[in-house]
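The same chain A turns up in both complexes below, where it pairs with chain B and then with chain C.
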Partner chain A sequence: MNYIPTIGIEMHCEMKSHTKVFSRARNTYSEEANIHVSPVDIGLPGILPVLNKECVRKAIKAACILNCTIPKYLYFDRKNYYYPDLPKGYQITQSHDPIGQNGKILVPFQDGDFEVLIHDIHLEEDSAQLEHIGRYSYINYNRSGVPLLELVTEPCFHSKEEVIAFLEYIRRVYQYADISLADATKGQIRCDVNISLSKDDTLGTKVEVKNVNSFANVGAVIDSEIERQLHLITCGRAEEIEQETRRFDEESGETKRMRSKADAIDYKYFVEPNIPKIRIDEKMIDEIKKEIPVLPRERFLKYTKDYGLTKVDAQTILKEKAISDYFDSWIDAGIEPLEACNWIIGPILGYLNKEGMKISDFEFSIADFQFVLEKLHDGTISSKQAKEIVGKMLTEHASPKDLITHDFAQISDEEVLNQIISEIIERSSEQLEAYKNGRTNLFSYFVGQVMKETGGKANPIKTRDLLEKKLK
Partner chain B sequence: MNFTKELVDDFALKLLIGLREEENQMVLDEFEEIEHHMDLICQIPNISSVEPMTHPPVLFDETLREDDFVEEMPVEDVLCNAAHKNLSSVIVPKVVKE
Partner chain C sequence: MKSAIKKLQEDYAAHRVTPLQVFQDTLLKARENQEKCNSFVTLFDHVEESSQRGDLQNVVYALKDNFSTKGILTTASSNTLSNYVPVYDATVYQKLKDAGAVLIGKTTMDEFGLGGTGLTAHTGYVFNPLDTTRQAGGSSAGSACVVSSGVVPFAIGSDTGDSVRKPAAYCGIVGYKPTYGLISRYGLFAFASSMDHVGVLTRSVYDAAMVVDVIKGKDEKDMTSIDSSSMHLVESLVHANHQPKKLFYIKEIMDITKYSKPSDELKMTFSLFEQLTKKAKEKGISIVGESFDEDLLRAIASTYTCLTCAEATSNLSNLTSILFGPQEEANDVNEMMMAHRTKGFSSLIKRRLIIGSYVLQKENQEKYFINAQRVRRLIVEKMNALFSKYDGLILPCSEGGAKYIDESKNHTSDDLRILENHMAIGNFGGFPSITIPCGFVKGLPVGINITGKVLDDCNVLEIAARLEEMIAYQNPLVKEEM
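For the complex of A and B:
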């Protein structure tokens, strides 16, 4: 009988803010250790945590996006444990009444959506960073007190692909809503993965794999853990699957046992008395809701259904909110969506990638592109010329008006064009005969010859008109 | 629960802090005081379902702090209590197994 995997995810993501969640030290990444630290972050005697408004607003924003119930009061809990990365001996987190509870979100997946149930989302502080070298562990408190959002799903996934689609989507949502930079390369996202196997709707024995630091590794953990548990079941050793905590060993690609449920740490949670309870009023929530931008899923539907973009093109534009916003500004300027898409994902993104620039650094006005497109539509320039003009605009910072009137000045004089056409027909007797005998596709051959002769400067509309008359 | 010298030593060992004789006695004296107060509380009737009070002054409209940077500690101050350090990191014996 086939076994079905059931997976739940805990996704920890560092939030974007100027300062830490309970102190006024900078919340920023640095190569140098222990330079962004306040007395609060290293738990010096007499310190008091003071809550950052921006972090609270962003946590509420995330809770709204995830359609969670938001409690009337915000308060925190202490999670007590001893470890060198936790100077106070406890982490300030939310256990009893998280900022968002019982939510759900639709996640784009393959040809549709699937619903992910959210158990809760809570605001907490990060621990210090440990680096283990030789016989020592090096402690860096720059990360101590960095605001973290922990999102806990219900066990509602049944494949690695669903989990990865969810994580990728939430990362993009956090970036769109300015909640987090969500940069996995800087260790800003870490996941715990809970996996069980069962033959029916009942849940099997849950194994938790902690602190997985990339989405690729989340996929590897799921593969490895399903394989391990299936192996035990098929060997008749199912009883060896026990509720336990494991870690992922990147070198072997396997999970390794850390501790069993019997050895589980008792964190002795209790309410953090040093931070007053904060009333979360409806007015505040309404204000925050207004700050939520149109999210990637809704944009994807608009781009593919209303604008007719392919899914691949829509996804390319949606990779970054800034690119999607830029695309939308072209549409607002009256440019056809397909045309806007082709120009943005072609020459413009190509140029930005080549120069190592971001769309926010892009300094060309939409009016310049509109001017080129108008000239393309009225036949003043060919599409090939339009591409060349845009290429010169980008690389030489040239004005499209100057380019069109000088470098790309068209030959529209009928007398000149007729002369060129006559010469081409005269030396193409074979093609002319074939054309007159019904091979009408050779018309393009004659257009091509005129363009070749004029270096692409012949007015394409006039060229076609004159050729049609001459070839009759 | 009665706290004894052995119990305190056992907890101290588990917490990796190790106590001297006089420190053990100080902890025992403090626990005696705490136990005395707990015994008094236990004499109050009908309190089994009462949640502990965590925020005596219930001022629910506290103003949240603005997200403004103020000041950080010089790295020398951060490291000044560290028994061992290297460049700008605090060093402890390795806390993970190979």
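For the complex of A and C:
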């Protein structure tokens, strides 16, 4: 009989904010250690937490996006334990009444959506960062007090692919809603993965793998844990699967035991007395809801269903909210979606990639592109020329108007064209004879010659018309 | 109204003394006091005139050693912080600096404020200036000593159960703990955050009002601080209209028949209270008995212990010696933390931290911690109901005068538990609460405590000032004109 894995995820994501969640120190990534630190972040005697409203609003925003129930009052709890990266000896978090509870969200997956159930989402502070070098351990307090959003799902996943799709999607949602930069390379996302195997609807023994620092590793953890547990089951050693906490060893690609449930730490939670309960009123929630942008799933449906973009193209545009917003602004300007898509994905993103720029740095106006597109549509320029013009426009910062009149103006003058055509026919007696004897595919040879002669500037439509007449 | 601060300011204004003369005289007295009472952890050799033209310009004072003072050793009287020099200023200290007050030193206390004797500091016992065989009371022991001895007109303390008000009573001075949130706790080393208050020790109600007017106020660094910009304590004292006031005492505490073997001290304290009641009536202050659930009263001490120990275990978890505090040689960081705490904390603190840890454990939390919170709430609700009928609660602060340092000489009757611990009610509810001296029992001062409803500080101070005038207590160590 087949065993089905059941997986639940705890996703910790550092939030984007000006200052830390309980202090005035800046919340920003820095290569230099211990520069964004206030007395509060290092737990000096006498310090008090001051809650950052920006973080609260963003946490509520996330709770709204995840369709969570939001409690009437905001509380915080202390989670007490000793560890060198925890300067106060407790973490301020939310355990008994988190900011978002019992939510759900549709996640795009393969050929449809699937629903993920959210147990809760809560706001807390990050610990300092430990770095072990040789015999020494170094503490970097830059991270201490950075706002963290912890999202806890129900055990509702049954494959690695579902989990990764969910994580990727939430990352994108956080980026779209300006909740987090969600940059895994800066350690901004960490996951705990809970996995059990079962033959039926009852859940098997749950194993928790803590602190997995990339989505790729989440995938590896799931694979190796399923394999490990399956191996124990098939060897008849199922009872050895214990409710325990493990960690992922990147070198071996395997999970390693940390502690069993029996040794679980009692965190002695109690309400943080230094933060008075704060009323979350409906008006504030409504205001925050208005700040939520159209999310990637809805955009994807619009792009593929209404605009007819391919899924791949839609995904490319949706990779970043700024690009998607830029694409939308082209549509708002009246440009055909497919055309907008081709131009943005092709020349524009290519240019940005090459220059290492972001779309927010892109200074060309849509009007410039519209001008080029107009000239393309009315036949003034060819599509090849249009590409060249845009290329020049981007690299030389030239105005498309100047480019079209100076370099790319087509030769549409019939007299000029007829003259060129006559000269070509004159020196191509061989080809002319063959053409007249039925090799009609030589027509394109003559077109090519005209183009060669004019440096590609001959109006292609006129050229064909005139050639047809001449060659009759 | 008597006021040592106003007197000093008048002397300055009339050029009867210069700040430098006052400083010299103060430091001399402080050194004598240090010899006699061990009041200071840090006493400066020299202080500078303040250029701040604030309300307390060149008024000298002392600060309890659990307020963060940048660049000045701050130990909370604990070995775990014996070398700790803070890098930031407590809001209270900052406000006093801004007002021109001049700090002369940091006072000895019970370690981290967890204690009521003044006997648990890492620098040794604090002795009562009126009788050095006696305790000064705690935890703001040194602060009470230096004010009682006339070294300074005021000192800052902190009060989690009665840590300002009890030593004030034992040393025959005024101890005032305003409404929770009136004074910022930023920079006050936390003991039990939900009950910690900044308080002030003075020799008069007027001075207490003056100092609190300076140090109170909403602080963006303390979310529990409140805006009190419309509350003016001195002004309201000066313009008091002498309306009749109604106070109550708790019958179950003041019924001598409830005490199986009442001591002479207790009888004398009660008789002082009776006299006070009679005299107060003539002055328009009625004092009547009200009944209070005895089960709740008996639960005050254990509720206090349970809640404060729980918060303390968490609050003191930052003492690991990783970033500050003396580090012990060890093989790894866990050993180092363990050695630091094992060596650094006194046995009293360890006992309390173990209690705190125990009541917070998952399997015990409901039974102890959560239940204690319920009892706290019930007591506060009962008090609020009474405050709707009365201006305040009035009770003696203890059985008699200051206890002996030699604990074996002290009465330890269980009957006294309620009387000795009732002032924690003020911390449960964050109520404004003030202790003033009300006379002597066997040659030692005893105090009377008045507690009012939240934010009714002006009223509480007005009542205290009227009683103060009526009692006309004379400090044996400081001759002051009335």
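A few notes on this one:
Just so we're on the same page, the second predicted complex is superposed on the first by the 435 of 472 C-alpha atoms of A that agree within 3 Å, B and C clash if a C-alpha of one lies under 4 Å from a C-alpha of the other, contacts with A are read in each partner's own complex, and residues count from 1 in each chain.
Convention: contacts are C-beta pairs under 8 Å (C-beta built on N, C-alpha and C of every residue); 3 or more make two chains touch, one makes a residue touch a chain.
Computed from a prediction, not measured in an experiment: that's the story for all the values here.
When both complexes are overlaid on chain A, chain B and chain C end up clashing with each other.
When the two structures are aligned on the shared chain, A:Lys53 is found in touch with chain B, with no touch to chain C. Applying the stated contact rule after C-alpha superposition, one finds that A:Pro276 touches each of chain B and chain C. By the touch criterion defined above, A:Ala333 reaches neither chain B nor chain C. In the superposed model, A:Arg135 lies in contact with chain B only, and not with chain C. Applying the stated contact rule after C-alpha superposition, one finds that A:Arg26 touches chain B and leaves chain C untouched.
Of the two partners chain B and chain C, it is B that touches the larger number of chain A residues.
When the two complexes are overlaid on their common chain A, residue A:Leu301 makes contact with neither chain B nor chain C.
Look at A:Pro39: by the touch rule set out above, it reaches both chain B and chain C. Once the two complexes are laid over each other on the shared chain, residue contacts for A:Ile461 go to neither chain B nor chain C.
In the superposition on chain A, contact is made by A:His18 with chain B only, not with chain C.
Residues common to the contacts of chain A with chain B and with chain C across the two structures: 39, 42, 50-51, 82, 84, 137, 139, 270, 273, 276.
Here chain B touches chain A in the complex through residues 15-16, 52, 54-55, 57-62, 64-73, 75, 78-79, 84, 86-96, going by the rule given at the top. Chain C contributes residues 66-68, 74, 76, 81, 84, 86-88, 90, 185-190, 192-194, 220-224, 310-311, 313-314, 316-320, 322-324, 333-334, 337, 357, 360-362, 365, 369 to its touches with chain A in the complex. By the touch criterion stated above, chain A contacts chain B in their complex at residues 17-19, 24-26, 32-39, 42, 50-56, 73, 75, 82-84, 130-132, 134-141, 270-273, 276-279. Residues of chain A that touch chain C in their complex: 39, 42-51, 78, 80, 82, 84, 87-90, 137, 139, 266, 268, 270, 273-276.
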